[in-house]
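Input: a single structure, listed below in structure tokens.
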């Protein structure tokens, strides 16, 4: 057993660019990153540093004009053979999705189908990926909702009847419906206010505790990382400049950029001169 | 120009007509056996349950009803000039033209079995005479009829309020149809503004079998009990009048497959069929009773157009052969008289006058006359009495319609010769309004005033009927002509039988005066050729044997049907 | 004929705008209604319906009366054409029919007369083209044919167009989708007539497969017999086909235009991330979100069936409303023309009303307050 | 120098827009070609007529098959079909332009007043446009044109725009509503800008694509509306547009006669026109609807 | 224009029992109250930063819009030096606008995308008569842009989409710098900026207070920003101002439970100080 078996995901030399009128713009520049099974990995970096692009490429949701320019992403699902995520296609990709790799998108406001009841949006993935459990849907959905602190009646509602925080939690519940190996959460708390943010962060921590999933949490808010993650990867202009244990990053930042990032956090108790 | 010939004249193969093509019989959508049925394609019908022509749109026209369900007292066959007594045996005036007697055929009977009598006639005349709110009511009947007497069942005498040698005109089917006698036993006690008269009780050889609204179709069935079988026993067991597609394409295709036997396809498609060698097409030409004409305003307020010389200017600018050859859908002759060139009208023609006042195309003469009355101004525009000369031309016919085109050709010539002229197509009502009120210079349409004798036209041009411009002429003197000479002649003629020897010189003088003033300029004789299919029925009138008016929307079509014979062709199942 | 995507517009209209609460005595009624927002909405919507109804009927009425050319004059001319003796219709005739056709008095009196008859007696007055049959009966005689022909072909065109449009949008950039889209862009406005004529020429006259004229075989009695229905189908096939072909193109274009923005929505990306099959994403996520405006559009277009399709009806000699309308217009049969217009207005508005009342139930997103 | 750079800068944006959408570019090219052909119509007349008017009645024998002298043959009145078609196309285009301008201007004004003022003004105007939208235009147009035979081209355009401006107004109003509360509008307000100034300088330019779409669809609607009327034979007289030629072809049964140019050429031109305007519409929408652009941000 | 022109004459914005209601569905009376009986005042002498903090939807922006005169409140009144701002004469309103200027939340939507960014400055300069000619104005712009630490050469002549969010937001600050209003109404001006730019922005704001005596109403949901700015703070929840006072006091001894909750929910940027207790909302 080599050390790499611990890694559920390995990005090596990932390069993603966007074709623009001024030519190809590199958004992710030769990123190498290993994600360990069961950890919560934070990805930090200022806006535009390429965090979302990396996540989207990893999830194979990159849309034109975006294009993967090089590299590979090895994914080792629990029950399947390792695959290169950048190579799988069609049905194979579909089965990987959700049962092994799920996604908590950045824009929670618009990620739920406005004309479907919440329950049906749960049912969708179950019918698609675990048809055998079809009959359990009625019990499963309330349980999942409870997991993220929502009442069962929410299942009958439509997205527009819910607040942003509730929607975000529903997306989380859908994420864990099939107990995937990896969940990629892109800015799960941006656009939510602090009290809700705290609840969401709590729930995310619970997910790992209860299901042992691996979480990749993208956020530009260093406070979020401090509160939630095990390790932090810092991105700057498309490059991963530093990857390290959360304590090390905060107490002893190696890279200059990381340092400035930590320094610029305004916080209570740190008053202006 | 070196064109490649016309679409329809193109001969098949090396310049010679193809051998007789085969007729491919299509399925006609009729509820009766095809070989026993005469199918006539007609315009759009909208009324199917009303035969009361005394209310607006009461009885559907051109539906078969006017042709062989209702019959008339007399028919004037314009094709031969023959007067055919039918429900009547004859008519007679007393010596001073104050009483008119009709003798009815004792055999005549309604299709419900009741005999037709002079009482029915009296009933109808009295109804129309008294009810001015009925269409056809009032008018001459109120003005001239003192009373109707019925000395016996077969005789009716109309007492006139004043002498009138032309009163019988209204009781003879000349153009389209004639006086419709209603059966008293059916109509008595009915409210004539509400009664639908459905199915119609009349005397003709056919009765209504059914009117099918959703097929836009009338199915007429032979009346087994017809009173005049001796003279008319038509062979078709059924006659179907149906609306065909208004589009020439569809209609032509339907004709080709004999989905109907008679009906107006258009000349171009007929020509195409002919050049294809289609064997079953018979084309019969018949001239319209209304020559196309320019009506000219004679009111001095209208300026240059009131000059008699200007009337001749306009006449000289009309290229009648070009119009006859190129503008009218079929080739037609030029018109010299303001009436149709029917045999019945031959007696009114005066060759010497026609020669003297020949209506020709002669721009030089036009310019010569123009220079006399409206010399050219500095800017090349003609001036009349110090003002620029203008001519306003109108027509009720749509743009590109033949009458519009006739007007436009003349308008272009006028403009070329320095007169600012306009040509406008107006909707029927707007045109009629302007026409009747005299708010026009030239109205391009047709002259229909002579159905019996020219005095009908002259009478409408009497000075006392010329109302001021802006006032409705009520179909009388629309040209506002005031000519004492013509007035005098017209007055004298009105009390004379036009065929009498005394009338002849007066008519000649009147015609000469008419030519001098030229208030209405005849342009061309017009005709609508008829197309018949000989696949199922033969015996149609032809150009060589034009035994009747061939138009299927005239009452006279009854006689055409009477002559038809089946060919024995069976319809494909 | 409009071209762009505006079928979706009924929803855009329900925008949220800040409205300040009123003060005054009606507040109490408001507070009652506030507790039943749906009832309040229905009430308000119904009020709007009445206003629109009144407005549209009024505008239509005055528009006709504003037509240049004196209608009375035309009317009289029409009477004259029916006249046996070629004379001017008497004053009595004119007076009688002026009264009977509601043409007495000034325009305003005529308007009141028309509205009164319409509202209280549902009477449009006698038709001129089929006097003295009431105009509403004349319309009703041809309406079923038109509804049968145009209605059914409209439904078929809508269903197929919606499906094709959704696919064309979904597979944007793919060959098949681009071909069909471009075909629609190019052929969407070829006149029905042209298509119809070609169909007639090929199928009816050359191949002799289908009848070219009428709505049914006149040999077969009207009824619900199989042979009659078959004949209806045979006769309706070509005219319907010509309408369907062009209709599909138009629905395809508008559906595609609605579809494309939806494809950029986050929930579609999310559905893809969920690993759902494309077919499911298309039907449950994409189409579900756009079909309602198309339903609204369809509802509105159904109203215009009242216009009939004159050319196709004339070409196939179909006994529909279109030819009746044209006849009425050429004879200036005011009561019938206005009747058709009024019926179209009432039906379009009613369809709209019903849809607007149903929409909040069908589409959870529709906000029914204003 | 300064002028030329500012011109290039002004042109840069539209050029970029056109470049980025092949549909838009294709549509514009077709349209420009059609307009040029229409503009050349007098020239074509002169060439074909060789001094005389090739579209005068009975200028030539009727129903001539296509030949060197008459590339598309002659019609039922002996007019040259090619010359007539180009003349008719220029009429169609001009009517579209008139109707497009009138209805866009009317629509824009109403939409701005309604959308920007809001309140009862909006309620009244929107209800009014709503009412006009449900009145079936077809019978009204038929009636109108059947009884107003000889009308000028401008009047026809005007008549057709009576019923098309509400569509434009409706599309634009909803856009105004969405723009009205944009922060930059509010910033303009607190910078003492007047309502009129805000409308003209802040809102109008941003609505240009929608106004363009409104214009194109009104123009198209008018052209096809008129064709619809013409084709059933109830078009206003005196205006020979493409529909009129189709109508002539229908009434004379040109198709069965074999005179295909009378059908095919006007329908082909209309089809091209429709395709080009539709491509412009679609192109504009794709370019200006950020959702369709596939670019993140903004 | 001198910096001391306002000295001595104290300017004052006063909100008295302001209430703003909107139509809404599902509430008992069909309305929802976005702002409920809000009273406070802003004074220019001495200049201060007053923060308004509260969660999303608590009515913060509505208050800002009320003060800016963009939305007329349904109850209460807002006065400027004693005059109701919704019934000012023309000159008074100009004076008010001159003295009260906004910085909005969204740096993207604040620029009309079709114009160059200079226009925002030029319009303001023209409207308030700061410069007659473009040349004079350019000088002003350069001064103001430098004051917000932007390189004029890299900003002027550009289109909004060519600038980053932080740059755009600073252009708005430059505008304020140029106008020198007595009051800045800043509605979440930094919520969309990342940490570094945010800090820069706040520093400039504090600088303005110092140098040009500008009083700022600073709206935010981020307590750490409040803390950084200092001055006074008001806590708003569900349209109601529940707590007010100097920042230090409120932050260290919150009296209202809602303030307490807010404080507790701020994630501390220290992995060793993770939350141990759980909250529910």
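First chain written, first letter: the chains are A, B, C, D and E, and each begins at residue 1.
As a working rule, contacts are C-beta pairs under 8 Å (C-beta built on N, C-alpha and C of every residue); 3 or more make two chains touch, one makes a residue touch a chain.
This is a predicted model, so every value here is computed, not measured.
Each step here moves to a touching chain, and the least such steps from chain A to chain E number 1. When each chain is reduced to the average of its Cα atoms, B sits farthest from chain A.
The chain with its C-alpha centre at the largest distance from the centre of chain E is B. Annotation: A-C is the more contact-rich of the chain pairs A-C and D-E, by number of C-beta pairs in contact. Each chain gets one centre point, the mean of its Cα atoms, and the points for chain D and chain E are 48 Å apart.
Per-chain Cα centroids separate chain B from chain D by 45 Å. Our note on geometry: chain B versus chain C, Cα centroid distance of 41 Å, whole angstroms.
Taking each chain's centre as the mean of its C-alpha atoms, chain C lies 23 Å from chain D. Shared interface positions of chain E, defined as residues touching 2 or more other chains, are absent.
Chain D has residues 146-148, 250, 255-256, 294 in contact with two or more other chains.
Shared interface positions of chain A, i.e. residues touching 2 or more other chains, are given as 63.
Considering their complex, residues 1-6, 9, 12-13, 15, 17, 48, 51-52, 55-56, 59-60, 63-64, 67-69, 74, 185-191, 193-194, 197, 201, 253, 257, 260-261, 264-265, 300, 303-304, 306-307, 310-311, 314, 325-326, 329-330, 332, 337, 340-341, 344-345, 348-349, 352 of chain C touch chain D. The touching residues of chain C, when paired with chain A in their complex, are 265-267, 269-277, 280, 284-285, 288-289, 363-365.
The touching residues of chain D, when paired with chain E in their complex, are 13, 182-184, 186-193, 202, 205-206, 297-298. Within the complex formed with chain C, the chain A residues making contact are 59, 61, 63, 93-99, 102-103, 105, 107, 109-116, 124-125, 128-129, 158, 160-161, 174. Those residues of chain E that touch chain A in the complex are listed here as 55-56, 164-165, 194-196, 198-199, 202-203, 206, 221-225, 227-230, 251, 261-275, 278-281.
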